[in-house]
Each structure stands twice: as C-alpha cells, then as structure tokens.
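What follows is a set of structures for review.
You will see subunit A twice below: alongside subunit B first, and alongside subunit C after that.
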Partner chain A sequence: MTEFIAPAFSPAYPEIFLAIMAMILLMLGVSTDKEDYRSISRFSILSLIAVGMVVIRLYEGGVTTFGGMFVVDGFSSFMKVLVLFGAAVSIGMATRYARRERIMRFEYPVLILFSTLGMMLMISANDLMALYMGLELQSLPLYVLAAMQRDSVRSTEAGLKYFILGALSSGILLYGMSLLYGYTGTTQFAGLAAAFESFSHGGVPLGVMTGMVLLMCGMAFKISAVPFHMWTPDVYEGSPTSVTAFFAIVPKIAALALMARILTGPFGNMVLHWQQVIILLSVASMVLGAVAAIGQRNIKRMLAYSSIGHMGYALSGLCAANQTGVQAVLVYAAIYMVMSMGAFAFVLMMKRKDRMVEDIYDLSGLSKTQPMMALGMAVIMFSMAGIPPLAGFFGKLYIFQAVVNAQLYMLAVIGVLSSVVAAYYYLRVIKVMYFDAEDEALDAQEDRGLNLVMMLSSLSLVTFILVPAPLITAARLAAETLLR
Partner chain B sequence: MEHIAVLSPLLGALIAGLFGRQIGDGASKFVTCGLMTVAAIASVILFGSVCGANGEARPVIDLFTWIASGDLKVAWSLRFDELAAVMVLVVNLVSCAVHYYSIGYMSHDKAQSRFMAYLSLFTFAMLMLVTSNNLVQLFFGWEGVGLASYLLIGFWNHKDSANDAAMKAFVVNRVGDFGLALGIFATFALFGSLDFDMIFGAVEIMGGVTVQFLGMSVHAISLICGLLFIGAMGKSAQLGLHVWLPDAMEGPTPVSALIHAATMVTAGVFLVARMSPLYEMAPDVRVFITIVGALTALVAATIALTQFDIKRVIAYSTMSQLGYMFFALGVSAYSAAMFHLFTHAFFKALLFLGAGSVIHALSGEQDMRRMGGIWKLIPSTYMMMWIGNLALAGIPFFAGYYSKDLILEAAYASAAPWSAFAFWCGCVAALLTAFYSWRLLFMTFHGKPKSDEKVMAHVHESPMVMMLPLAGLAVGAVMAGWVGYDIFTGEYRDAFWGESLKVFAENDSVLAAHHVATWVKVLPIGLAAAGILLAYICYMRARHMPAVMAATFSLTHDLLQNKWYFDEIYQSLIVSPLKSLGRKLWKTGDVAVIDGMGPDALASAVVDASGHAGRMQTGYVYNYAFAMLIGVVVIVSMFVLGALS
Partner chain C sequence: MIEALFFYVFSTVLVLSAMMVISAKNPVHAVLYLILSFFNAAGLFVMLGAELIAMILVIVYVGAVAVLFLFVVMMLDIDFTRLRDEAQKHAMVGAITGGVLLGELAWVYSQWMGARDALARAAQTAPQATKGLTNAHALGQLLYTHYAYLFQVSGLILLVAMIGAITLTLRSRPGVRKQVISHQLDRNPADVVKIEKIETGAGVS
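Entry: the complex of A and B
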C-alpha cells in the first residue's frame, strides 16, 4: 500500500476559498429566518472579488497539483479573472430585477457561486476527469437557475430543456472520453498529448478520432456552436432575464477557455485533424448567428443568436491554432463579455408601466424619450456589428488577422460576409431607437447600477482604441503560457 | 504681383463661400469686390510691365509640384507671357466691373454672398486657365470655369428652366471636354510632356509624325489640333455645340456678361491661340476652323434677327462674334482674333449689363415685345446701349471697328483655302449684326410703351453702383480699339507678342490685311450703315414691314425663329434615343438583372433563410436532440470517410 501524500493545496486556494464561501453563504441563507437575499448577494459579490484578487496575487507561473489533474498558469488566471468579474457583475445586475420578478431567493447568488467554482475548475482542468467534474459542477446550477422562476411555465420549460439537452451532451462528451481512454490508457492531458504524438508517426486509429470528435461536440454544446445550439434561443428567452445575462456573459468564456486548452494542449499534435471540425462549427455558427437573428423580434432571442455568431468568430480564431489565434480569441472573449454586459443591462432596463418588455419595436423613438440609454445601446450595437473605431471592430480584426495569417482565407471571407449580414439586425435596433416614430415611452430608470454597467460598458468600448495595451498585453502573456 | 492678380479672387471666393453666412452679405460683397479691385489693379500693372518688356519672355513662376508620376510631371505655375497678360487683364477688368454691378443688380436676392463667392471662384478658375504653363492646369481651369458656369446658370435653382439650362450647359460642354481630354492625352503620347515650352520646342521635330488609326494614316499634330478644337467648340459655343449658350441666359445677367460674353466663352479662342505653334503645323484643321467659324458667325446672326428675348439676342450676337474670332484663327490671324476678343469683352459686357439695367428697370421683363418707349426714362442706360451697339456694329472709331474690320481684311487677304468664304460670310453677318442690334435698340427703347402701367410707373434708372461699371466698360468700348490696334496688330505687334503667338511668314494674314484694296476696308462700314438704316425703316418708320416680311418668307422665318431647329434635331437624333436606351438599360439591365439577381435576390434569400432557421426552432426537445445527434453523426462520418479515403 502506497503511502498517502497530501497534494499541494496552494495553487487551488482560490477555488477552495470560493467553495467554502459558497457553503457558508448557503448555510447562512438556510439558517436565517428572513430570506436575506440582499446581504447574501452582496457577500457573494465580495467573495468573488476577493477570489479574483487571490487569483491575481497568488499567481506564480505554471504549476500543476493533485497528481497533475489541476493546472494553474497565465492562461487560467486570465480566464478566471474574466469569469469572476463576469459573475460578480451578473449578480449585481440581478438585484433589483430579482426583487421585482419575485425570484429573490438566497439560492440564486449561491448557485452562481457554485457554477463559477465549476468554471474555475474547468479552466484549470488538466485531466479528462477534472474536466468532466468542472463541467458538471458549472452546468448543474445553470439548469436550476434557468428554472428559477418556478411559477413561470416558460422558465421551467427552459430549465427542463436545458437539462435534458445538457445531459445528452454530457453523454456524448463522456463517450468520447471513454474512447480516448480506451485507446490511450490515460486521462491526463500530458499523457494524451504524448500518445497522440506517437500516433502522428503512424496512422491515427479511427476510435481516437471518433473520441476526439465526440469530445469536441460535447464542448460545442456548452458554447452553443451550431448544430448544438438549438437550446440557446429557447433557454435565453424563457429564463429570467438576469439569468440569461449570466448565461450569456460567463459560461461561454469558461467553455471557450476549456476548448482552447484542449485543442492546443492534448490535441496540439492533431491540428490538421480537428481543424476541419472547428472550421465547420465556426462557419455554421457565424452564418446561422447572422441569418437567423434577422427574423427575431424578441431582443433576448436576437441576442441569443448574436452570441451564437460571436462564438463562431471566437472558434475561427481557434482554427488558427497558434499563439496569435489564441490571443485573438482571448481579446475577443473579453470584449464580447463587456458588450454582453452592456446589452443585457439594457434589456434589464426595458420596462414599461413596471412590466418588462422584450420586443425590439418597444424601443421605438427611444432616442427622444431616453437619449442617454439609447446612445449607450447604440454604441454597444455598433460595437457588436464591428463598426470601427469601437472595440468590437478590433476584436474581429485580430481574429481575422490570425485567420488570414494561418492562410484560412475562405474562413476569413465567410466571417466578413456574415458579419455584414449580422450588421443588419444590430443596426435595426439603432434604427428603431433613432428613426422610428415615438412609441409610448419606457419607464424612467431608477436602477443606477444597471445604468452604470451599461454606461461603463459602452464607454470602455469607445475608449478601447485609446488604451488597448493592457488587454492586448495580458492576452498575449496568457496565450504564451498556453502555447509554450 | 502675379500672385496677387491670380490668388486674390480665390481668397475672396473662399471667404464669401465658406463664411458668407457668418459675416453676412454686406461683408461678403465688400471682401469680394475689394479683392477683385486689388486683382484688377495688379493685372493692369502687370500688363504695363509686359508691354514694356519688348517681347522678352517673363520667367514662369512655379508654385508647387502637383503630380509627379513617372514621366508625367505637372506643376501649378503662373505663366505670364503676353498672351496670358492680355487675358488676365480682360478677365480681371470685366470681372471687377461685374462684381460691382452685381452689388446693385442682386441687391434683392436671398443668397448674395453665395453669388459673389461663385463669381470670384469663376474668376480664379479662369485665371488659372489662362496663366497655366501646361495642359493639365489649363484643363483644371477649363473644368473650373465650367463648374462655376454651371453653378451660376442654375443660381436661381428654384426655377426648373434654370436647372435644365445649367444641366444642358454642363452636358454639352462634356462633349467638347471629351475632345479636349483626348487631345491632351494625344499630346502627352506624342510629346511625352504637357508643358508648353517642351511641346512648342519639339513641334518642328514632330511635324512629320503620323499615326495609324483604323487603317488610316493620320498626321499626329493635326489629330491633336482637331481634338483640342472640339474642346474649344464646346466652350466657345461654335456651331454644333452651341445649343447651351442661349439657354445659359437663364442665369442672372451679370453672369451672362462675365461668363457667357466676355471671358469663359472666349477660352476656346485662347486655347487655339495658345497652341498656335501646333495649329500652324496643321493647315487642314485650320481650314476646318475657318469654315466652322464663318458658319457660326452667319448662322448665329440670322437667328438673332428673329428672337424676342433681349438677352438671347445678345447671346446669339456673342456666338456670332466668337465665329469671327474663330475664322480669324483659321486664317492664322491669331493676333487679330485676340484683339477682337479684347475689344469684344468690353462692348459685349457693356451690352449685357446695359440689358440687365433695362431688365432691372422693367421689373424683370425680358421680352422685347413688351418693352418700348423708355428711352427718356432711363437716358444713361440708353446711351450705354448706343455705345455698345456702335462698337459691336463696327462703326468707325469705336472698338469693334478696329478689330472686326481687321478680321475681315485678314480673311480677304489670306491665301488659305476657304478664306474668301469666311470673308463673305463675315460681311453678310456684319450687315445682320447692325440690323439686329438696332432692332433691339428700337424695340427696347422706342415706340409706344407696351408694358402695363404698374411696370411703367416703376421704371427707374439703375443705382450708381450699377451705372459706374457700365461707364467704365463704355470707356473700354470706345477706346480699346484705337489704343490696342497698334499694340496688338499694328506696327508694334511683333515686339508685343514676342514668342507667345507663332505665325509662319507665308501665313501672316494680319500683315497682308494692311495692304488690301480700299473697297474691302470700306465695305463692312457700308454694310453696317445699311443694316442700321434698314432697322430704322423696319422698326421706326414702316412698322408693319417685319410682319409682312415674316408672312412672306414664313418658311425662312420659322427656320430662324426656331434657331434652325438645332434643339429639335438633337432631341430626336441624340437625346431621345439615348434616353430610351438608358431607360431600357435601367429597367431591364439594372433593376431586373443586376438588382434582381444581385442585392435584392441576396437580401430576400437571407430573409428566406432566416425564416427557415426560425422554423427549425420548433420548441420540441426531441427535435433539438435529433439535430444534435445528426450533427454528431455528420461530423464523425465526415472524419471516418476522410480517414478511409
């Protein structure tokens, strides 16, 4: 019997701290008589911020622990900071909305904390088992969150759909993992990479390729790439808007990080094999994201398709499979997150006579009644459409640069063309706000927090061109650690 | 000094055009007129120094390089040789008079600073044209004056007729400009340079060069000259490309005086004179110019006989006089053509501004049939019109006498083919000119008043700001002839023109003109006197005569009244077919084929696709799961098939 040696815990301090905080808050919520939603969400935000600080302060370069299952490097730190920031903002954005929609249960922020914990584990996963554990830990709270509004049929339907399809995707993922394990005899990323290297001299067994494809399909579900996107519009529309905001902002970043790590790490020697799959997913997502959104009147559904399209662009950056590609993806993910925050803050402010409205045409003449709100949204929409000099333009620019450098010209052309088509529905929002006849005015804004989020979001999109260096540099450093 | 003469109008145009709203109409007028006065004084001084230089060439002033691309080097420069100095003098003097006149004439207009800005812009463009040292800057000025002309013809843009006229002027000029542009290309192809000095220096060497075109061998320099002349025909309203000039009278009268009488329309004459070293090498083209010029002089004069719009009569008169200048160019009498250009600028501007004064007095009436009986009411204007007419008809000792008679004599004396034809056309036109001029005078000022009482009660002499420019031009119309005669065409002419005009000794018709028989010298005067007498009989004594004549020769009268049907012929032969072709291309070519299969089809395809994508979203979980599984199957089988093959 081998002696048990305690693994080094220090690299995982942030995750451990977050887990403890989440459980403490859960206990607090259960034990206090009054469901004190407000203070629990405040504590949640504080703990997320604290974890973020810890992530930044404790970073000491690439370390693995727990027998090589857990890795901390520049890339994971960058992504974790993004995820923690996104989660904190989403909890903050939800406060007022939750009270009005009567989903003010203390479990809400706690579930977000657990899901965030899962994402952090995913990001740091260095082993198929750790990957799966992180993935499930982040997914399960999401299913619950989607169904948070128990007395709404649409919300429960969304939760159920998400759960069933999520389970299916997990099944596909696990099947792929088992095939990989069966052919290579290891679940560790490093081991897989070594095994694939040996394959590259001979032929790659069909089973390995199938396993790889199934694994990618399972992950594609998480970032809702076409054709694994079907859940997205329904869940986005059905879930409470604050939950949708969280869905759009955070989990995609984590899934993208996971995908980047797997494709460049264990599958790094198989680029020529997986590149075709990712190109296919990317093209399908970009085109469908552009085309299908045109027919939508519901702004949440429209943003769902928009996020599908954005993930398509991010994937095409991964296709480049080199450092500039990953760097472009990281920059794109960060900008996408900021844009989504602003857009959903705007959606959360859309109410008339104290009822939430979601139709794009409810915004008619908003520029007259709420000029600042309309201006902020206009900036965000322009940025999503990729109009210079806003940040969204640069995000796409870096992606296309990487794609062109990798000589994937066709992919770049399709990307540019579909961004032209997509511009239509972004610009339509602006057209409705600025040029359509004034409709009944939306309610005046009492929620300063949401307003602040949207204004900061649009402000940072505008000013990105002036100070792009911090984000670009951080992304470059992160990408370097991933692709040494 | 050169800079001041050329650039002050630009400054005025910029100030009035860009800041007219801020500084107000009064300040705009002050600035543009002030700067124009400065430019005029500068150009008088320059002319004096050029006259005193005894034919020594002044150095070309290079402003800065414009284009430098391979062999093509083009600079912005000011070439103040004698030819340019004459043109600058004419342009700036007349423009200055017109600027001042406009203060009064446009005083009720809403957009006065815009008007003044356009006038100054025009002046600047014209100056760039005449002081150019290469064909590209000349082309810039050429298009610049075309633009200003377009803007000013359509200045009253609330009138459809003004907009139509502006477009017509622009489009017709485009035909001519096409020829000019081809001529410039051909020049570059032949000489490898567009600078005048380089071209003129190499002209002897290139004299024998021919090019193959459609299996024919064409004399290269003749080709260039012909193409350039097409440009000149458009700008100077020669027969065929003249249809825009009468319509251009839709513009305010000061515009007609400045652009469509004194300066811009003479750009074609200037161009041919400037390129005289080339035209001397192209006798065939000069024959063509002679014929076109002679016909223009005659045809325009016949049309002027029957027109009733006072400005159109003067416009046809302008066209006729331009015809004189061109056939003078055709018989190598370049200095005579330039001399006539010089004198014509004064008396024609005077006539136009005088007509403007009449129109102003009669509250905007332009139809001579509704004028009459006002000579006692506006005696000063009346006198100005007399002076202008006397100069135009070539009555001795007025300006036109010297220049027009010289042209006729040169045509008679020239040995060039068709010069006799030009001489006789010119003689008949001289008779007609005198007739229609006095017809205009009698119908406008004499007889019974035909306007209503309200208008008649309002008849008044124009303000001083309009009369003083008239007086200035009248001085020119009286003096320009005998002052300029010796300098331009008499004993000092070789000393004056120096290198700027080139005439082969055997072609020198101006020299020969001084030795023609006496009857040739007297004939034009006799014809002019006869014309005046005839007009007096028809319009003062036997007032029924014109009607009887019109009835007797009704076919001829209709032909003239309808301006030889040029507009109608062009309409049915060119405009209508092109329009219907354009419409077909638009409806079937553009809308149906290009739009239908291009943007529209794509857009509707995207909308269709969007609908399909939306319908795929059934809401049923099993459909979604099916889609995912299909996706997995497709991707996996893609791989497996790829690996197997």
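Entry: the complex of A and C
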C-alpha cells in the first residue's frame, strides 16, 4: 500500500458545495415551523445555478483526484451543466403543481438536490466503486420522489415498482463489476483499460465479456433502454407529474454520460464486443418506442415511450464509438432535455376545472381555446418527431451522420424508419389539438413560470437552426476530452 | 486437513440453509434458516482471517437485520400460502431461466483466465500484512484514507435513506394529545383547581 497523501479537493468543489447546501436546506426545512416549501425550493434553484457557475468556472482539462476515483474534464463539465440546468428547471416547474397536489414538502427540493449530486458523482466517476456510489445516491431519492404522493395508490405503486426493479438492476450491475474486478484485480477505469489492453490480441476471456454485458444491462436499466424498460411507463404514469418531468429530463442524461464514459474509456479497446450489445439495445428501443406509443391515450405514458425511443437514438450514436458519435450523442441529449422540459411544462398545464387531465383527447380543439399553448406544444411535437428545420431534426441528423460514417447502415435505416413510425403519434397530438372538434376548454393558464418554460423551449427549438454553433462547439470540445 | 473439513462443513450448511430459506413452508422457519446461513458465512470469514467482518456479520445481520425480519414476518398478516401458490405458477419459467444462467456461469468459471498481473494489481490497494496489525486497524487505515471519498458518499446515501423513510412514513396528525412534561410540571394547582365549600343539603349550583 502506498503512503497516503491527502487528496486535492479543488476539482470536487462543486459537489462539496452542493452537498453542503443540500444539508443546510434540509436543516432549514426541519427547523422552520411552517414547512416553508417556497423559500427552500428557491434556495435550491439558486444553489444549483451557483454550482453550475462553479462548474463552468473550474473548467479544466482532465484532472483526477481522490486516488483517481474522481475525474473532471470537459466532458464531465458539459454534462454537469446540463444536469444542473435540468434539475433547476424541474424544481421551478414543480412549485404550483406541488401545492395543488399537496406534495409541497420541503424534502422534495432537497431530495432533488441529493439526486443531482449523485448524478454529478456518476458523471465524474472514474472507478467502478465510485460509479456505483454515485448511481445509488442518484436513484435512492428518485424512488422516494416517485412515492411522494402518499395518498395515491398509483404513486405508491410506482415508487415500490421503481425501487424493486432498481434494486434488481443494481444487483446485476454489481455482479458485473465483481466479475470485472475478479479478472483484472482493479476497479479503476484506467487500470481496467490497461488490463484489457493485454487481452485485445489474444481474445477477450468469457468472464470479462459477461461482466461487461452485466454492467451494460445495469446501466441500460437506468436509461430505460429496451428490454429493460418495463418500469418506465408505469412509473411515469403513477408518479406525480412534476416528478415524472424530473425523471424524464435529468437522470437519463447522467446515465447516458456514464455509459459514454465507460464504453469509450475502460472498454475503449473492446468496441467490437460491446458494439453488438449496444446496437441491439438501440434498435429494440427505437422500434418499441415507436410502436408501443401508438396505442397510448395517456400523455404521460406516451411521453414515457417517446423517451425510450429517444434513448434508442442516443445509444445508436454511441455505437459509432468515435468522436463524432459521442458529439452527436451530447447534442442529442441537450436537445432531448429541452424538448422534454417543454413537453412536461405543457402536461403540467393540462387541467380542466382545476383537476389535472392526462388524456390526449382532452386536448381536442385546443388551438381555438388556447392558441399559444397549442402552438408551443405543436412546435415541441414536430421537433420530437424530427421535422426540419426544428432542433430535433438536427439532433437525429447528427446521430445518423455519425452512424453512417461508422458504416452501420442497417442501424441508420432502422433508425430512420422507426422515426417515421414514431412521427405518427407526435403528429396525432397536433391533429387532436388543431383539427378535432372543440371540447370543453382547458383552464386558463395562471402559472406564468410553466408558460415561460414551454415558450422558451419551443423558441429555442425553432431558433437552433440559426445559432447552432454554441451547442455544437461545446459538444465537440467535450467529446474531444473524452476520447483523447 | 482440519481447515478443509471446517470449510466444507460451513459451506455445505450455508448452501443448504440458503436453499431452505426460499423453500421453507413456514416463513418464520425461513428467517431462522437465514440466520443460520449468516452464521455459517461468518464462520467462513473467520477462516479467511477476516474476524472483524465475521463479527459485523453476526452483530449487524443476525443481531439486527434478521431479528427485525423475524418481527416483521410475525407481525404482518400476509397469506404466505397464497403468495407461494402465485409464485409456483411461474416456477417453470424461473427454473429454466435459472438453469440457463447457472449453466452459463459454470461455463464462464470453468474458463477462468485472469489478467496477467491481476493479483499484483489487487494487492496494491491492500494494506501490508505487518505483524500485529489487526483487521479493524487495517480496514480503518483504508477506509479513512484512500476510500474516504466512498466513505463520505455512503454517508450521504444513508442520509438520503433516512430522509426518504421519514418523508414516506411520518404523518402529522392533528388533534393528537402528546404528553409534554414541562406543561404538566408548569401546572399550578391554584390556577386549575377550584375548592368550594358546599353547604350541607344545598347541592351544587
């Protein structure tokens, strides 16, 4: 054992700050007499933004600390900023909904902070153990959040289902890790890569393959790729809508980042071996995401399947296993996040006579009664379907470019075909809003925050074509640091 | 020789009791078998020279977790026979999946071939076996230095678990009369007790 030298804390300042803020807010929430949800949630948003600034400010290339378990590079900074932004917006979106649905407890934003902290640790993980710790810190608050609405059977069921399946997937993940450790004698990503180097000529032992596949299964569960997607529609439907918004917007980005780091880092030499697994996951997710959503009437379930499909596209970018592929995934993740923010802001605004409605056909004739709202949603749906010139189209374009460059033609063809099929159910929402007979009108919007989120989201989807450079450049720089 | 004997005794009992955990008819027996399997695992740890982990296994798992299980099983009114019948419906599928997995794993382990310097690499992070270094000491040296980061994060995870448990179960019921000792002590007989002299035969007005 080498002599111990105290690690450098400076690369982890954002995480340390966020952890301390979360604990302070927890204590504040406990000690104030009336549960002061509003100020706690405001402070959480402020601290998320502050952490985001620190992440950008501390941007440096490739530093590891804590004995090589924790890495900060351009890739991690990019992903962390996305995650922090998404978390801040989803706390902001929840305020009014939480009051109406009586889940306005101060633990809500605090749990989101802890989950976000877990995601940041995941993104920065450079060791299998650190990865697992981050993953657990990320998912444990999610289980609680899903079950937050204690009076609702569906919410409790969603929480329990998520918890049990999450525990199962963690078990699979751990089993894979233990196999990898058994074969290589190390848990560090750098050490794993070095150990696999010695295999790459004489063929990879079966145990390493098994370990790698189990590890990928565990992570595929977290991003809900088919065939590990079963929990998604039920959990999305059962959880309180503001929590569902958080589920859709943020954790998948973090899990995607983790997957990109692992597949290009320690398994970078074994592309041929993991590529077929990821292609399978990707094709299955794209096809199921396109086909299964057709029969859904509940808009939350529809968005759940849509997110499964989107994850399929993102995974197919990873299959390319090169810098353009990773860059395309990063761009896609950012665009996906903006689209789901808008879509869920819309779902949170769907209410009639002060009751939340979730059926797609409740939107009949929305263009007459709420023209702005209908227009915003139409833009988001067009973008999700990948209609040019909206941002969603470019996200898919970059992905398919990378896939074609890597000569995975079949994958690209399946991707394009399934996106055509998927367009049906996105366009159906628009058709219901614009061409169906007017139904009883939805309530007028009193929540300006949600309206703003939706409008900004659809506006940025429209204007992406004019100023694509900032996102593309940032994604390119991030992808470069990952694949150096 | 005697070590090998103990190893086989412990592992055989461990595997058998683990099988009984999932096949025992009476759930209380299942938990008792679970405790037995914990004890045998602790025995295996002692044989490896990891006495601290063995003790932790006995104290934490047997002393706290399994006993808690026992209480829960006894207190909850669950129809275990019906649960088992439900599970039996899928027994075939489960058996096939489990069998396939078992075969695959057997195949994997039969072709075991570690990386060339796996053992050396694993030894790098282990504390040196100096004389007189106890288990607890060695673990502490690792846990609070090289793995301090993981240690802190697990602390955060436990904190989140606590917050979650409280959030999901604590209900503040209105109208519950709690005993507040200081209020009770504060009470002054002069404020609350009225002594009236009642004339004989006049009654109380």
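Note that in this section the second predicted complex is superposed on the first by the 480 of 484 C-alpha atoms of A that agree within 3 Å, B and C clash if a C-alpha of one lies under 4 Å from a C-alpha of the other, contacts with A are read in each partner's own complex, and residues count from 1 in each chain.
Following the convention adopted for this analysis, contacts are C-beta pairs under 8 Å (C-beta built on N, C-alpha and C of every residue); 3 or more make two chains touch, one makes a residue touch a chain.
A quick note: this is a predicted structure, and the numbers were derived from the prediction, not measured.
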{"item": "Which superposed partner A:Met69 touches (first subunit B, second subunit C, both, neither)", "value": "second"}
{"item": "First, second, both or neither for A:Arg105, with subunit B first and subunit C second", "value": "second"}
{"item": "Which of subunit B and subunit C A:Leu165 touches, first, second, both or neither", "value": "first"}
{"item": "Which of subunit B and subunit C A:Thr210 touches, first, second, both or neither", "value": "both"}
{"item": "First, second, both or neither for A:Tyr183, with subunit B first and subunit C second", "value": "second"}
{"item": "Touching partner for A:Met356 - first (subunit B), second (subunit C), both, neither", "value": "neither"}
{"item": "Which of subunit B and subunit C A:Leu456 touches, first, second, both or neither", "value": "neither"}
{"item": "Most subunit A residues touched (candidates subunit B, subunit C)", "value": "C"}
{"item": "First, second, both or neither for A:Leu427, with subunit B first and subunit C second", "value": "neither"}
{"item": "Subunit B and subunit C contact sites that coincide on subunit A, given as residue numbers", "value": "206, 210"}
{"item": "Footprint of subunit A on subunit C - complex, ascending", "value": "104-105, 107-109, 111-128, 141-142, 145-150, 153-154, 156-157, 159-161, 163-164, 166-168, 171"}
{"item": "Parts of subunit A lying in touch with subunit C, wherever the complex brings them together", "value": "1-2, 4, 7, 19, 23, 26, 66-67, 69-70, 105, 107, 110-111, 114, 117, 121, 129-130, 133-134, 136-137, 140-141, 143-144, 147-148, 150, 159, 179, 181-186, 191, 195-196, 198-199, 205-207, 210"}
{"item": "Subunit A-touching residues of subunit B, taken from the complex the two chains share", "value": "606-607, 609-611, 613-614, 616-617, 619, 621, 623-625, 627-632, 635-636, 638-640, 642-643"}
{"item": "Parts of subunit A lying in touch with subunit B, wherever the complex brings them together", "value": "160-161, 164-165, 168-169, 172, 203-204, 206, 209-210, 213-214, 217, 221, 226-228, 230-231, 233-234, 273, 276-277, 280, 288, 291-296, 421, 424"}
